[in-house]
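Across the two complexes that follow, chain A remains constant while its partner is chain B and subsequently chain C.
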Partner chain A sequence: MKKLIVLCVEDEAEVRDAVIRDLAPFKSTVRIEAAESVDDANTVLEDAKATDQDIALILCDHLMPGTHGVDFLIKLQGEPEYKLTRKVLITGQAGLEDTVRAVNEAELHHYIAKPWKADTLQEVVRTQLTEYVLKTQDDLTPYVATLDGARLLEAIASRGRDA
Partner chain B sequence: MPAERTLLTRLNEPDEKIEARMISALDALLIDPPRTTLQAGETLFRQDDELDGIYILLDGQVKLYQLIDDQEVIFHAQTTGRILGLLALTRRSRSFFSCRAVTQVTVLKVGFDDLDQALQQSESLLVTFIMVLMRSMARRSTRLVELQREVVTLNKSLSRERDALARTLRELQQAQGLLVESEKMATLGQLAAGVAHELNNPIAAINRAADFIQEDLMALVTELPDGAVFEDMLRRGLEVTPRSTAEQRAQRRALSQALKDEDLADILVQVGISDAAEFQRIAKKMPGDPHTAAERMQRYHQLGGALRNICSCSDRITDLVKSLRSYARADNSEDQEADLHEGLEDTLRLFSNRLRNVTVERHYADIPTVKANPGPLNQVWTNLIANALDAMKDQGTLTIATELGEDEVIVRVIDSGPGIAPEHLKRIFDLRFTTRQGRVEFGLGLGLSISQSIISRQGGTLSVESEPGRTAFSVCLPLRSGNNTQQENRSASL
Partner chain C sequence: MKRMFGLAALGPVKSIGLVTAVIAFLLPFIFTFEGLSPAGHRMLAIFLMAIVLWVTEAIPLHATAAVIIFLNIIMISDRAMVPLPDDFAAPGFAVFFATLANPILMLFLGGFFLADGAAKYKLDRNLAKTLLKPFGQKPANIVLGLMLIVAIFSMFMSNTATTAAFMAVVLPVIARLPDGDRGRIALALCIPIAANVGGMGTPIGTPPNAIALGALNEQGIQISFVHWMALIFPFMIILMLITWQMLVRLFPFSSQSISIDIGSDYDRSPQAILFYFVAGFTILLWFTEPLHNISSSIVGFVPVVIMLSARLISDKEFHSMQWSVLWLVAGGIALGTGVGRTGLDGWLIGLIAWDQMAPALIAGALCVFALVFSTVISNSATANLIVPIAISLAVSLGEDMSRVTTVVFVAIGASLAMMLPISTPPNAIAYATGQVQTKQMALIGGLVGAIGLLIFILVAPRVWDWFGLMPG
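For the complex of A and B:
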């Protein structure tokens, strides 16, 4: 199975470590990539494209050296291949103005305020990844164990009926 | 003799003589018309009264006035002339002024018809009457010019007073703004100092707890079969030097190709093992298959990493708390030997979240401490740095430079922003001047005017130079005698 990619963009190593660690429960179904800046994140996107892997979810900090998170998400929204990618901001410092821009122009799916709780983060990631696989994957069974099993099973059943 | 000629030849006769001649002629022609005596304060006629004659003032003084907005406005007192009801006479209508006696007054009343007759009968009366009329008119019109001049002078002094009032109002507003701001700062300062103090305890506990966990772990690992690996991995986790995410990805790719196992490669890169041989050497010392071994190694390493993160993060909080506390000494309103570099560094540290995309250049000279109150000075650094960052939209180069002058120290805050428009440059120190339309951030255009008052209270000056790409605010603070030179040269960056 081709693994979906979850990309975490965060400039502070300690915070990045913590997010990655909190994503551990999803490791069996998705590949977690870390990037310390938007430039670095772009490299990950190119690598993924080269190896034909899909970016399912981007968890992005806002205030970082170089390009800010919101601007990165807005840019991605303009590129068709990332239209379906789920976009989540994890930040303690995005002001109202930036957040509004992210919602309106990047169709931001979720906003997680720092400091976060592992449960919350995992719940958001689970929901977002479930949305993504429902929209993009033909075979949902590999995701039942780690993502929202109930919804996926329901979808599998209804697809079976429709077929 | 023709009347005109008589009129002109007598032009330089004194008033009294002409007036006496007119009165005696009137007396003769009208056969002693009745005299009336008025006491001071009595009214002879009122504005808009229908007059049927004129009054000739024989003795005493009257005033002519009008009521304007219920207020008595005097037009003539010294310039009434002998003939009262003069304008009514010329208009044959209602009286223009009100007339009241100022002293005891004797008047002679001559009805219009009687006057008409008398003037027809005597040409010499006509001449004298016209002369008296002309002179009265001349005096009154001169008085009008005087009144006009008075109005102009009054207006001038009024506008002077208005300007003075406006200035006072501005100063009051400024003083009020300062008071409110300093009150706010004092409250904030107390709050911040309190919070900073409260933070010290949990931080101390966290720091100690991290050490305790490490100690206890080290003691326990000796009992584990793979205790040596545990210790090694824990240390690696504790001492790991951060690698860039790109570097880690490259290592993982290489290792994954060598091992043909992506998950294993992922773990090995995390624990800092870069070749398969090293892994096999370590794994041999551990129970279970290589995968289990790798997972255990990962856990040991993560423990170290987590402990390191706790320590480095709590160090950062400790630094922030220190800065916050020294920054918030604002409520301590006494002058002390202020280390300007310390205040600047504290302020910069509190701005660290806005400095991520900003290169901060420090050009610190060897400067002595300055006798000043550090709290308000920190407020000035905050305002200047906040303005600089606003101007640069948090991107560019912020230069903080200090310099020792002859008897002053100079602190410059220089930004690489677009510069201040010349038309704004003059006004930036004005109260409530702001280019942040409707945005409430650090203040409402109070920042620079408050900074200026703080600096001038310290006996210093605040000035600005701006061109596109370089705007420099310079604070000059006077040195007082007996200052020690700071030994420490803090030109190194943080």
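For the complex of A and C:
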């Protein structure tokens, strides 16, 4: 089974490492990729495209050298292949205007304010990934153990066919 | 989003499957087999291709069914593209299209409507809550209660849906048990096993039953809903009780009491009440067929008519029904019809000197064969491939081998396969929760399979004879 990708875009190495560390419980089901800038993130997207892997979730900082996070997410929303990708902003410095743009133009799914707690982040990631697999995957069983098992079982029950 | 096309996008197993299927299809056109008619050669091509496609799942199972129906029409029907010899009585092409609306499928469709309604109005949960109460709080008793309820539900709903629904109920209970409590494994395993075994209990419990009944219908043998239940249900319950004892002994609970929380109340809306009435009425008619002689497939259409007219099932729910299952079964019936009409069955059976073996042994061997086969491939595909041969074998051996016993054995064998996570979707779900290891599943699944085989092959036929349950 090809693994889904969670992409974390964050310029500060320390913060990036903290996010990656908090995502450890999901490692068995998704591949976690880190990028230090939007340029770097675009390389990850290219690679994923080349190897036919889907980007399930992007956790993105806003204020970074080069392109800002919100602009990156808005650009992605315009591309059909990232339409279903779950988009989350993790930031302390996005002003109201940028946040509103992210909600309206990038259909932002969640906003996490820095500093965050590990279990809050995990809960958000679990919910977002569950939404993603419910919308995109035919076979939900591989995700029951690490994502929202109760919701996935419910969905399996309503799709449930014997073969 | 698929960005790759062609063979590479399928992955190695599936692309090899597709290539092998094409080669298998071509073989009968390259080699000529002695004693096999020209039509038989064409059917052999379809049959070989079907085996490869259903085993490798290079294309979806129901797509293979569609391919079979189509190829039957353009190769061996009265509208064959390349005309067949005049002495071959080609079946009308409509026969193959008609498999998609075979009466057995209409019976199955009725089951889908009842199952969807039960899920929609939460009748499944509420009934489970009510039925589980008498079993108290002792863990071993709760396991028994769960198993019986899951088995009864999966007699009417898909095994997969029943397992998923009950796993959702049981997972929080498992999470509350202490880490080292082996009872966790018992709880996680009891549900898929009960669903797999329970599916055997009625004609609509699982697709292999429908495939078996469809083949019997073609032979002019009608088995009613209750007749099937009379044949299977008692043994199913015995197997369930034995399995229960094995589970609670192999994986004993350290906790003294557990409680299962199914928080919901009976829906009393007019729609829900109409549904309860329709479901009760349908099941009552199914159970009383010998009294009124209305065929179970006609009865099965009652919930379809009422629930669609009263909008108990919305357009959206109607569209998302498990049509692929019906197509899969139809493909099996079409394959069986083709194999029978072209004489391929007789030729295949002639390859082995069956008359050297005792008929009872052959029927038992088919049951074992179905179990082994469906441990690794889909239960329905197994039944689709084995039933046509099994029924012809029974016909060719005449009175020594009951056609009913033979195909029932194939259906039961397919349902008894539950050793691996890939054996059935219920197993896959239980395994996916991370609470069960493959070796634990293999142990208990292997035991259930072996004991099930013993019960059905050695005991059941005698009991059926005593009670005169086997039609001549």
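Note that the second predicted complex is superposed on the first by the 160 of 163 C-alpha atoms of A that agree within 3 Å, B and C clash if a C-alpha of one lies under 4 Å from a C-alpha of the other, contacts with A are read in each partner's own complex, and residues count from 1 in each chain.
The definition used in the following text is that contacts are C-beta pairs under 8 Å (C-beta built on N, C-alpha and C of every residue); 3 or more make two chains touch, one makes a residue touch a chain.
What you see is a predicted model, and the numbers here were worked out from it, not measured in a lab.
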Simultaneous placement of chain C and chain B on chain A, clash or fit: fit
Touching partner for A:66 - first (chain B), second (chain C), both, neither: first
Which of chain B and chain C A:142 touches, first, second, both or neither: second
Touching partner for A:118 - first (chain B), second (chain C), both, neither: neither
Chain B versus chain C as contact partner of A:81, first or second or both or neither: second
Contacts of A:154 with chain B and chain C, given as first, second, both or neither: second
Distance of closest approach, chain C and chain B, by C-alpha atoms in Å: 17
Shared contact residues on chain A - chain B and chain C: none
Residues on chain B engaged by chain A in the complex (per definition of touch): 242, 244-246, 248-249, 263, 302, 305-306, 309, 312-313, 353, 356-357
Touch list for chain A against partner chain B, complex: 11, 13-14, 16-18, 21, 27, 33-36, 40, 43-44, 47, 63-66, 93
Partner chain C, residues of chain A touching it in the complex: 49, 52, 54, 80-81, 141-145, 149-150, 153-154, 156-163
Sites on chain C touched by chain A in the complex: 1-4, 9, 61, 119, 158-165, 167-168, 171-172, 199, 206-207, 320, 322, 324-325, 328, 378-381, 424-425, 428-429, 431-434
